[in-house]
Amino acid sequence: MSLFDDLIPTLITETPAQGRELAIMIARKTIATMQPDADVRGSLRPDYAEDSAKLMQAGEIVAIEFATIAAANNYWR
Amino acid sequence: MSLFDDLIPTLITETPAQGRELAIMIARKTIATMQPDADVRGSLRPDYAEDSAKLMQAGEIVAIEFATIAAANNYWR
Amino acid sequence: MSLFDDLIPTLITETPAQGRELAIMIARKTIATMQPDADVRGSLRPDYAEDSAKLMQAGEIVAIEFATIAAANNYWR
Amino acid sequence: MSLFDDLIPTLITETPAQGRELAIMIARKTIATMQPDADVRGSLRPDYAEDSAKLMQAGEIVAIEFATIAAANNYWR
Amino acid sequence: MSLFDDLIPTLITETPAQGRELAIMIARKTIATMQPDADVRGSLRPDYAEDSAKLMQAGEIVAIEFATIAAANNYWR
Amino acid sequence: MSLFDDLIPTLITETPAQGRELAIMIARKTIATMQPDADVRGSLRPDYAEDSAKLMQAGEIVAIEFATIAAANNYWR
């Protein structure tokens, strides 16, 4: 049983907007998995949210996850 | 209801140019979502716009978003 | 005989969640292969887990591996 | 009306060489869009052109744009 | 005659594990090609193997090469 | 007339090895296009060849170009 079971039961979403939300959620949860200590994550967050270079690193991850989800949904065509 | 509903109702655009605009908009709004405090974003922007390394990080995100949108539109062939 | 034989017998998984776990595992094992000394890896880990920039580098690798695995599974559609 | 209308009327080119030129142009114009002040861009350029790390960042963006354009043209097969 | 002829006669492998090994080998040999001086490479290696940021840069390259090889093999489905 | 006409008449190659050489050549020539002053490029090269982080940046660009060329050649299957 994977801790992602509840988080990603499927890559299929009804709309592009929901696909985008899913991409952001997956990116965040993966970081959480790799750093399971909430206190450490908490201490990392301000850094992450206030440094534009890191915000853009996060934006790139979301872009890659979204590409996968968009393909999965046949681009909601 | 997702805050992206109004922003990305669809990935389909009439022209490559509109697809490019959409890629830029999606990249910007994702950053905004991850840093919802407008004051902090405002203080980040000059940094982002005047540092060529960060401008290029932004350019890479846009390139990845555009790849997804172009595929969604079957490359406007 | 490859040391990946036991780790990646297949890219096919039953669920997106298992695909995500596989992406994380493959990313980790590749790092381990390139730095086979466990002591050195051990000394690297705290750095990796507490520095948000490196956590996000790791997140990007996982995103790329997941894209491959998702395609392999035809997105679990 | 988008400011990209004149720049990217189409992703289709006659040759791989023209596709490459288009990739470089799109990458440059996107940077210009995100930093519309020509004086600031001018002051950024020397930095961009003389720092090998930034040149390679630019090269990576062009590689991603070219991948999209090549797919659009069915690889000029 | 290319120096890659012996290294990459084909992208087709029997198993995902062999595909992974090929991805790692190709990534390494490309670095070697760009820096043909073995002494310089030797002096670079400890740096590469002990710095977690660089290890992850290497991991990202391998992830991209593996994506290509996996597609070539139709994901060993 | 594009300066890439002689360099990339086609993306089709006979072998994966030739495709790899093409990927490396395209990556190099793009850098050259963006920094046309040979003296500046010359002064950049040692830096590029001796710094493992930059070598890996170059390796990532080659990996992306190779992905495009491999797809163009239907992976030489």
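Some observations on this one:
A, B, C, D, E and F are the chain letters, set down in written order, and residue numbers restart from 1 in every chain.
In this text, a contact is a pair of C-beta atoms (placed from the backbone, for glycine too) under 8 Å apart; a residue touches a chain by one contact, two chains touch by 3 or more.
These figures come from a predicted structure and were not determined experimentally.
Fewest steps needed to get from chain C to chain F, stepping only to touching chains, is 2. Ranked by separation of Cα centres from chain B, the top chain is E.
Using the average of C-alpha coordinates as each chain's centre, C ends up farthest from chain D.
Averaging C-alpha coordinates per chain places the centre of chain C 16 Å away from that of chain E.
Chain D and chain E have CA centres that are 27 Å apart.
For the pair chain B and chain E, the distance between C-alpha centroids works out to 32 Å. For chain F, residues touching at least two other chains, in rising order: 53, 57-58, 60, 64, 67, 71. Chain-to-chain contact here is organised cyclically: the chains close a single ring, every chain touching exactly two others. From chain B, proceeding by way of chain D and on round the ring, the chains are encountered as B, D, F, E, C, A. By the touch rule above, chain B contacts chain A in their complex via residues 2-5, 7-12, 26-27, 30-31, 33-35, 40, 44-45, 47-48, 53-54, 57-58, 60-61, 64-65, 67-68, 71-72.
Remark: chain B residues 15-18, 20-21, 24, 49-50, 52-53, 55-60, 62-64, 66-67, 70-71, 75-77 touch chain D in the complex.
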